[in-house]
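In the two assemblies presented below, subunit A is common to both, partnered first by subunit B and then by subunit C.
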Partner chain A sequence: MEERELVEYFRAQIREDPDVASAVAAIRSLLEFLKRDQSESCLVFRESVQGYEMRMLTNACASLGETILGLRENQTKAIQRLEETDSSVAVSSGGELFLRFISLTSLEHPDLSQCKNVMIERGELFLKKISLSRGKVGKLCHTFIKDGAKILTHSSSRVVLKVLENAAADNKRFTVYVTESQPDSAGKLMAQKLHNLNIPVTVVLDAAVGYIMEKVDLVIVGAEGVVESGGVINKIGTYQMAVCSKAHNKPFYVVAESFKFVRLYPLNQQDVPDRFKYKADILKTVKDLNQEHPMIDYTPPSLITLLFTDLGVLTPSAVSDELIKLYL
Partner chain B sequence: EIHEPEEVSVWFREGSSCCQETLARNQRFTETPVNMPGADKETDLSERIESFLSELKRCGSGAGSLRGSAETARETTALLRRITAQARWGNAGELMEIIRKEGRRMTAAQPSETTVGNMIRRVLKIIREEYARGSSEETDQQESLHKLLTSGGSSEDNFRQHFTHLKANVIEAINELLTELEGTTDNISMQALEHIHSNEVIMTIGRSRTVEAFLKDAARKRKFHVIVAECAPFCQGHEMATSLCKEDIETTVIPDAAIFAVMSRVNKVIIGTQTVLANGGLRAVNGTHTLALAAKHHSTPLIVCAPMFKLSPQFPNEEDTFHKFVSPHEVLPFTEGEILSKVNAHCPVFDYVPPELITLFISNIGGNAPSYIYRLMSELYHPEDHEL
Partner chain C sequence: MGERLTTSTLLVTDGGVIHPDCFSHQFTSAKSRRSETWRTRLADRLTASTTLQGEGKELTKEEKQRLRKEKKQHKKNKKDDRGPPEKEKEKEKASVPAPSKPATQSPAHKAAPVPVNASASESPVAAEKPAKSKAELRAERRARQDSERASKQGKKEGGQQSTSSKPKATPNELQPVVKRLPDHVQVDDPVALKKLAKKLERQQVPLRSDYGYKVSLFSHLHQYSRKNPPTQQISIPVTVIHPSIVRLGLQYSQGIIAGSNARSVALLHAFKQVIQDYSTPPNEELSRDLVNKLSPYISFLSQCRPLSASMGNAIKYIKKEISNIPSQCKEEEAKRILQECIDSYINEKIILASEAISKYAIEKISDGDVILVYGCSSLVNHILCEAFEKQRKFRVIVVDSRPRLEGREALRRLVKKGIRCTYVLISALSYILPEVSKVFLGAHALLANGYVMSRVGTSQIALVAKAYNVPVLVCCETYKFCERVQTDSFVSNELDDPDDLIVTRNGKTHLENWQTVKSLGLLNLVYDVTPPDFVDLVITDLGMIPCTSVPVVLRVKNVDQ
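Let's look at the complex of A and B:
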């Protein structure tokens, strides 16, 4: 499968189902790529951080014509290609997870064809599980919304929408304030969707967060990525909202699926890699990034009260534990 | 006369409901010995469960409960052991279903007594572990990213397999749990000398048996001063002060309003709690939040002495089950007459203390930071048991 076809497949996934998370679409595309992969040559392994692991693999299957190495190489290239298309943290974390998934499977089954079959089978299962994760998060979080609550949210998040949908279905009465979220006015889209669910909603300016904070009872936001420290990366303006809610002592909840956990540890806003901050086409064309507006920001864990994930309700300190379980 | 077992149990239940109305605060209710000839094991078991439930229902009056939470935990565990031994079950799944059913009834009888629910969840985790050991599976059955990626096929295990030694193993494990419960207060008191130094001023609130034992243990070797906030309207602080005085500890009793004023002279605040919540917060006796805020303002460390059986997987979001209100007679006596029709009087029993205000948790397994509570929880309980 060519890289061009991969990108087309990815774009088609997002077009057909606008509700699907971009990481899920990325993983689906990678799985499709895996299925059609024809790697047959024994590649020279490159000196990389994963050098040791690769050395082990090459030794184990040196006699075979096809290698997992080739598979892994192709997958890494595919992930890079997808990241160029859609530079969101979610695609990166989904891709990293998928790569990890290959490594884990390949360690168990050194034989390539058997390995491939097991991978495809597990990949399908994995996809099925993570497509249920949004529902799980919604079920967990809606009990935290009390009757008569006023909720503030930021920009447009499908997970937050699911949570509010569940709460509304539970016959709870609440009102929602959504920030406009410039520069793409995603907040207006969210307001429209909430309006369709018969939830009373008001759109406020991004600058009005401080003004509106005294009226609200709680803040719920989604996340594009959850980092190792327990902080989140989300649409620009989230950090502001978190600082305001801390000042007013309002609970700040983040809802995210577990595949958004990413192996980054930013200490401040500058530490977040540029490839996430700006859109893919801007990164390619613009010379001086200082003149551009970043699309995301980082919210440190000290400002977050609780994280709702499909692995359960977590305190920010519990996130690194979950990541360690996976990556070590 | 020899009563039929069924008749006896009916009389027994009616008797207990009469007692409920006229029971004075300190009257203990004793179990009827069931050594009847021909008494069925099942009726014996269900009678014990009924008597336990009725005791739970009665214990809910005011903060002065008839028994400490340690006793409740011990009795719950003993009852669960009895259920395991005497109830009819074929495999682990059935046993868990029975325990869950009884557990739901017990927690419904007294929702504020969270130790009952905690013990039930512990026993359920024990059953899962023993089952896993029996079928030599992976003992890590919790959801994790790793599990999502590596599990091949359905991991739905209905616990349907039958093992001959499961019953014995589970009962042995429950016995270990009981031994642990008996040693909790001693384990906590043993750590006292590390935290309390000579000539310190310690503040506490209300009456906690754990803190009492903690302070008494330190008093054997160190000389220090204790200030007790009386914790109106039940004024349990007075009993605490009397008890501490008996061990020659210099004690001062202050009203709750004076907490902030006195706080500047206090070195440490040591409190007990009713429940430790899943986010590291507390559900403690009313007045504790004030104490915690005053301590934070003066940067005084707040130490919570709580045994592990008080750790509950609940979050503080459920407002209708979180608070308990008792008769406002304590706040505004009925003798006040006319004013009663014009005002609303509330008498809440509990307070919520957020985790940011707490410095350290001292439990029978050692000292932990509030941010570490999630880890302790995952070791004690299984996520599927959070909802009984």
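Let's look at the complex of A and C:
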């Protein structure tokens, strides 16, 4: 499968199902890529792999190891290609977790196609698990919304929408304030979706977060990535909202699926890598990034009360524990 | 919303004593345990000696250890009593009727049936007790308590079980379960001092005496003078202590070898020499005899200077390796194995670890950075030199403090490499911090509740950096992680020679006769602890972790072993 086809498949996934998370679409594309990966192309990679000095492989599995390595190389390249298309943190984290999950099994079969089938099976299993994760998060979080609550949220997040949907189905009465979230006005889209669910919603300016904070009872936001320190990376404006909620002593909840956990550790806003801050096409075309405005910001763990994930309800300090379990 | 626990509180749970932030770690690991057992385990930690044999559940290693300790305590009590079996049986009988009452009242409470089963297994006579009426039992119990109280008047105090028949926790009954404090933090307790003196006499190690007036807050710690090294009291050449250990002890007490990595490496090299010169006496096994030989050396070294956490971990490792030597192994072979173990420990845990840490740390250093370092940490210096070699553009501010002035050594090393440095004293900290973009600190040890123990002054730097919103990064190898928990710098610390604080300026030494002034005390602290809220990131050889994840690393390490 060519890289162009991969990107096309990815874009088609997003077009067909706008409700799907971009990371899920990326993982589906990677799985498809794996399925269509011809053995011959692996032989081409054998030379490049040898060039990487992987001579520590034992003779017994040398030939096998190289072709499996070839598969992994292909997958890594595919992930990089997808990141270039959609530079969100979730695609990067989801891709890496997918790769780890499918290779975390005994690949001792002498036949390459059998190994591939094992990897494909694991891939399908992973995909199934993560498609259910949004539902799990929704079920966990909606109990924290009390009757008569006023909720503040930021920009458009499908997970937050699911949570509010579950709460509404539970016959709870609550009102929602959504920030406009410039420059793409995603907040208005969120307001429309909530309106369709018959939830009373008000759109506020990004600058009005401090003003509205005294009225609301809790703040719920989604996340594009959850980092090792327990902080989150999300649409620009989230950090501001977190600081305001801390000043007003309102709980600040983050809802995220577990495939968004990423092995980054930013110390401050500047420490977030550039490839996540800006949109993919801007990274390619623009020379001087100082003129561009970043699309995401980093919220440190000291401002977050709780994180709702499909692994359970976590405090920010427990995220590191979960990450160690996921990645080691 | 429930009450938010402050960081200075600690939680006592059946999983151990932990920091509230680390509670969720314990919780996620505890999910795998059965939910019923936690309550019994919690009750066990808080109540008197109980034996779980009657329960028929699986005993964990800690519970087995506790059982062994309790049995030992039991035997000691029996020796002290001099009216042994009757008193014990009476106590058991006394404790049986009481638990049977609360057992009926609260059947759900599992702690009560446990002592019932326990005492039942120990004194079968008690089985007939429930047949009597409750009033009769109460009267009997009261009579017994009075007689016991009368007989207790003439007895010694230590280690006696309380006469209370309630299964709830009382301070006396806690003794068998609570661990003893280490010797070096019990200097103001004469009983502990006597025990220590006896132990040292047995091992033929000289006891070092304290020097000068100690500030009352720290009177539980030792304070030695550099002018009286313990080596003066050792007769040469006849001595039980190996000469390389004597030399090492002298180097420690005079401050010639300082810094936790240097001390550990020197210790391991000295032990290599000891193992080389060791010969098994006839009818003895190397694995057991060598460990016994090492104990007086370790006592001697801790008399010269209290052991650091890294040294403690190294010693634990060596002892484990020695006791794992198979008995059929020849002496030469065993010595070779041990030498290799020590070499690989130094290589893996110190040298390779610092390589790994530099790799992670260099990612965090960007061009144009102004980095602040404090004192002389071998690891931080290594990181900065590596970063400079990798063509990163940064400059360094070295902060120093009296009386050790270790920053000068760090300054010398960095300038030799060609790095642009500035040198200030710690009093100028708030003046230069607005310029700083990152703070790199070394650590002496990382405690289980996420606190960082490091050279005195470190917590001050972390505090001021937090106030200026400057990220604080602590670099520490995993072999320095220790299981201890501490929330302040008072409970366990080290007092250095107070005469170091005396300074001569313009030919005048004002503090020369400080000992004659009764109201004056000189305090020369060596370490302090920094809370995890002030530390943004800990870089270890396992990766970059937040400060609250130290217990996770300790757990992973224990699983590995």
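Please note the rule applied: the second predicted complex is superposed on the first by the 294 of 328 C-alpha atoms of A that agree within 3 Å, B and C clash if a C-alpha of one lies under 4 Å from a C-alpha of the other, contacts with A are read in each partner's own complex, and residues count from 1 in each chain.
Rule of thumb we're sticking to: a contact is a pair of C-beta atoms (placed from the backbone, for glycine too) under 8 Å apart; a residue touches a chain by one contact, two chains touch by 3 or more.
Computed from a predicted model, the values in this text were never measured in an experiment.
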For A:Ser258, decide between first (touching subunit B), second (touching subunit C), both and neither.
first
Subunit B versus subunit C as contact partner of A:Glu121, first or second or both or neither
first
In the superposed arrangement, which partner chain does A:Tyr278 touch: subunit B (first), subunit C (second), both, or neither?
neither
Classify the contacts of A:Ser229 with the two partner chains as first (subunit B alone), second (subunit C alone), both, or neither.
second
Residues of subunit A touched by subunit B versus by subunit C: which partner has the larger set?
B
Touched partner set for A:Tyr298, first subunit B, second subunit C, both or neither:
neither
Going by the contact rule set out at the top, does A:Ser317 touch subunit B (first), subunit C (second), both, or neither?
both
For A:Tyr9, decide between first (touching subunit B), second (touching subunit C), both and neither.
neither
So, does A:Phe144 touch the first partner subunit B, the second partner subunit C, both, or neither?
first
After lining up the shared chain so the two structures overlap, which partner does A:Tyr177 touch, if you call subunit B first and subunit C second: first, second, both or neither?
neither
Subunit A positions within both the subunit B interface and the subunit C interface are 312, 314-315, 317-318, 321-322
Residue ranges of subunit B in contact with subunit A within the complex
143-146, 148-153, 278-280, 315, 317-319, 371-375, 383
Listed in rising order, subunit A residues that touch subunit B in their complex are 97, 100-101, 104-105, 118, 121-122, 125-126, 129-130, 143-144, 146, 258-259, 261, 305-306, 310-315, 317-318, 321-323, 325-326
Using the touch definition up top, name the residues of subunit C that touch subunit A in the complex.
1, 21-22, 24-25, 27-28, 364, 366, 438, 469, 471, 473, 533, 536-537, 544-546, 548-549, 552, 556
Interfacial residue positions of subunit A with respect to subunit C in the complex:
228-230, 251, 265, 267-268, 270-271, 301-302, 312, 314-315, 317-318, 320-322, 324, 328
